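Shared between the two complexes below is chain A, which pairs with chain B and chain C, respectively.
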Partner chain A sequence: MDKKLHISVSPHFHAKVTTQSIMLDVILALLPTTIAGVLIFGVRSLAVIAVSVGFSVLSEFVFNKLAKKPMTIQDLSAVVTGLLLALTLPVNIALWEVAIGAIFAIVVVKGFFGGIGQNFANPAITGRVFMLVAFGDVVSAKSFVGKGIVDTTASATPLANMATAPTSMIDLLLGTHAGAIGEVCTVALLLGFVYLLIKKVITFHTPVVFIAVVFLLTLLITKDVNTALAYSMSGGLFIGAIFMATDYATTPTRPWGKVIFAVGCAVITVLIRMYGNLPEGVSYAILLMNILTPYIDKWTEDKPFGGEA
Partner chain B sequence: MEKKNKLSVLTSGFIKENPVFVLVLGTCPTIATTKGVISAISMGLAATAVLICSNLVISLLRKLIPDKVRIPSYIVVIAGFVTMVQMLMHAYLPDLYSLLGIYLPLITVNCIILGRAEMFASKNGPVESLLDGIGMGLGFTFALLCMAVIREVFGAGAFAGIEIPFLVDHCVPFLVKSSGGFMVFGLLIAIVTAISTKRGKKAPELGCSGCPAAKFCKAAAGDDVECVNATAKTEGGNN
Partner chain C sequence: MRFSKRGAHVPHHKNTADMTPIRMDVPSQLLIPVSMHIGRPATPVVKPGDHVDVGTLICESSGPVSSPIYSAVSGTVKKLDNIRVSNGSFCQAVLIESDGQQTVDANIKPPVVTDYASFIEAVKNSGIVGLGGAGFPTAVKLDVKDTSRIQELVINAAECEPYITSDTRTMIDDAQDVVDAVKLFEQYLNVKKVLIGIEANKPEAIKKMQECFKDDSAVTVVTLPSVYPQGAEKVIIKNTTGKVVPAGKLPIDVGCVVCNVTTMASIARYIKTGMPLVEKYVTIDGSAIKKPGNYIIPVGMLISEIMERLEINPDEVGKVLYGGPMMGISVPELDSAPVLKNTNAITFMSEKDAVSPEATQCIHCGRCAENCPMHLTTFAIARAYAKNDAEELRRLRVDICCECGTCSFVCPANRPLVEVNKLSKGVVRDLIAKEKAKEAEKK
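Then we have the complex of A and B:
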């Protein structure tokens, strides 16, 4: 009887969604991509992923201890950051560089700004951009050798040799071409996207608009459907649009804000790819739009019912 | 007492009032010349020489310079010494002269030198100003050296141009770039602030002794009334 009349303060109903459950969903959604990456690029990609995840979690642990903050490694966000960072790196990267990138992503990008939810930019993206700037060509799309089950030869990424030797559509779909560990297999990334949509972890706005606008702009510039398709399916566009541009803390919260964010990302990506010095611009595009996110949120704020315009 | 004061004038430039890490002056040469240890030390010493001389001269002239034209007068004195240092370096240390390049004449507009002229030399006697110049100059050199060691050792894998065996293959070139310089700068400021606040200043304690209204509050004096600060907003004060 006493137990049935137990009274507590509100809220009386709890959703079962926690940070941990969301992060677990993201990890599950990244699983096909990870497996595909290991199959395509071989065992060494496992080492890259292990170092990245390991150092992310370790630096989060050490930083929380030193800063005397509540321990946050059990929410799995550091695992997601480490996994995403590893998936955007080439397989032949030096492992100590991966470790420094992971430490930078967690300590500088996330820890210094107040931990999970307080960071102004996506830690994985910023970690990758840091490595791009810090180690020069190492991260950028040069030639990667695949030593996995699928036999790939050393070559530049499809984006770098788009003009001379276009990669076939099937290769682009299955990911049997050069590139970063997690960005090559489009089918696996789409599987993850569908899983996240079903679990309602993300909405469709950002990824769909991002990829569609990149396709349309490329079509407009090159006036060739095949090239535009190849451009949209290669490089880091899919992993960036699905997993990076949908991060909660660093992207707009309202649907129209997400659309503006995605269009901005797409425009910057195409500008860098077509007219910039770099072959790929997705990570820079998302980072730049991360910085604009607070303003976009301000512009697209919902008007409360009966409130002033 | 007199002697202790002069000593503290000399030493305050090092950590407590370090021109770079605490006063945050002279950021431009700090970022630009700390790519290597050699350029950092020579920049620091050149600026120190100018700072000592200009502090001394400005302190001696402080009663002659009219208040309205003091800044141009300071700049003339400083620029004179910078030109002297520049010519001497050009004649006797041509390698260093070309290494420092534009940053040597730019010492003229270095905030530390003008800042010390305005904040210290124009208000204190020549001996104190001389000591202040030495302390601040050495503090500046020390700060540049700290940054340069971090940036060169971890960014280029070398110390003063000599390669370090293991690090040269495992360096982070980002640190040598300007953006990396800003990051090292920020981290060092954080560390210095952490050290200096831990040692000296403590956060004002809660309670009546730390309360800004303690002077005119009866509760702080021990009377049995409620605290002014807590009730002031809700009741408009008791009086």
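Then we have the complex of A and C:
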């Protein structure tokens, strides 16, 4: 029999979950808040999303071509980065700024460090922080204009507004208040969280601990439950805790590592919000903790079965 | 007791679980490699032209860790050849042409077993090796010298690999052999406590074993969760006895002897009949197989001849495995690949399933570490290997990797993690050898 056979090292079976299917799940989980954002802030948010996703994918395509690397746009991770970046931006932002933010996220933060899985900082967050620094006030969470359900010009976000006119609980849950496109609708973000848990894309550790500790610390400092709730449900905490602090490449892998990471994020967030001169601190908190991830991973490494402690 | 449930939910595909093995017609020839076990290759004692019968010694054990080999057919030795085996190396092999008579060797008679020493001697002569797949000479494993060290006998009947049901059939069709084997172990190895670990997906086998041992209070049947790899030695010890074998130690160091259920039954059969291990229950299944089944196949029968008998079209086959898809070894050439002593299944994969999906970059999702039954930080091992960092690989204890394949199975980027672990073990071995050489130089 001169039959030519395939030869390979075991295993010869593979689970159906792939990088692409995981990224698709994240995109699906982001859909509720994306739709909510479009409804709340109007159709212009679609333009922001389209530009952000489009330039993310395009810049990954061009980068891979120029760097002669295997094409990776089909893994959908650039779509996730573009979508996440857009969802953390205000609806009235200049589109060319969005494009530059997306290019920065993909080329500098992801591509230069070796592509998917190799970057140490979350591309979407770093892209946003870059825009905060580069374009100043436009990106910061102070003046968001809405032409959808929220028909306000230059209204203040709940965090900026806390002292003068507290936002109602219903508004916080539904997201009918000023804020970034995808960060306002708490209910929609929770839907995405549940979906990711069911599909086992992420575990509950980081989001639950992150949000709970922010709530408790705020309660401890302000001694007011309503303020603590408002702080927890705005300023990008939910989208950050659910979708960004759970990014595989830039956050710890083991459960206790995730807990440490989440506590760190929460403490830094509250410190920035309470004592810093920025209205919100989720992006910076996650970015700072990204840097510690390799160390946290090492501290929380599993003990090999039957190994010495 | 809390079960260790780390591992993967692999598809079971136990299509043949209710199929009693059918005896395959006598093969036209046998090709018998001298190395079908862990340890030194056996030494051929026959030469071309010699007549052999069923049960005639062909190769004798060549040292303390080795195992004799017997003929499964009557016929004539044609030649001693060198064949390429599945690990790529070459191995001496005896080619026997069958006369179709199946005359049984006149010297076959039950061994006289009266005590520990004669029991171990009998197991040694039976040619039995670890039939779960490992192929370690059973007599060596059972020869613990001081039987008081044995606190528990763990019978490994997890059969966690997809497709394979040969252990399942042993428990159902040869239950009496299993019962007799337990009695032998109780009598000669002074075993006081027996735990039979069976995965929950084999309810019929569990019921049968419970019935068989309902009057023996020493025996407990443990239903294991259907999470691969329950049959990994250290996992089944943990999930039946609760004990953890320290890294780098053997089961006997925590008072356990682990023995595959078919290995046990084969020992009982040899001691009853004197017929050494010459044939196996083999599951024939896989995505290229239209009619899966269990067969009694002589050790040495070529896969190519099995395919002819079962009318398996080679054009529809892309990959052939000794064993199942998780740990199975891929066969390079069908003409020189016989059924071995430790072959419990041959998996035929279709051309479509034969090609492994392309590996993409690690996304650091941690699924490999999360699911590793040995609790290894697999992604860190892969990084250390890429940097050729032998010290780090040793610190990460890649040496205890059982190569079960869970990490590669769950990896969304299809990284060849098991392969990297295997290579990493070599890097650590080199490091240890270098250190030893340095140490010796100092002295």
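Heads up, the rule we're going with is that the second predicted complex is superposed on the first by the 294 of 309 C-alpha atoms of A that agree within 3 Å, B and C clash if a C-alpha of one lies under 4 Å from a C-alpha of the other, contacts with A are read in each partner's own complex, and residues count from 1 in each chain.
The working rule: a residue touches a chain if its C-beta (ideal position, glycine included) is under 8 Å from a C-beta of that chain, and two chains touch if they have at least 3 such contacts.
For clarity, every value in this text was computed on a predicted model and none was experimentally measured.
Of the two partners chain B and chain C, it is C that touches the larger number of chain A residues.
After overlaying the two complexes on the shared chain, residue contacts for A:Gly117 are found with chain C alone; chain B is out of touch.
In the superposition on chain A, no contact is made by A:Ile170 with either chain B or chain C. Shared-chain residue A:Phe130: touches chain B; no touch with chain C.
When the two complexes are overlaid on their common chain A, residue A:Trp96 makes contact with chain B while staying clear of chain C. Of the two partner chains placed around the shared chain by superposition, chain C is the only one that A:Phe305 touches, whereas chain B remains out of contact.
Every residue of chain C that touches chain A in the complex is listed here, in rising order: 8, 10-11, 162, 234, 244-249, 304, 307, 314-315, 317-321, 325-335, 347, 349, 353-357, 360-367, 369-370, 372-377, 379-380, 396-397, 400, 403, 405, 408-414, 416, 418-419, 422.
On the side of chain A, the complex with chain C involves touching residues 1, 3, 5-15, 17-19, 21-22, 70, 72, 75, 77, 114-118, 248-249, 253-254, 297, 301-308. Residue ranges on chain A touching chain B, taken from their complex, read 96, 100, 108, 130, 133-136. Chain B meets chain A in the complex at residues 170, 172-175, 177, 179-180, 183.
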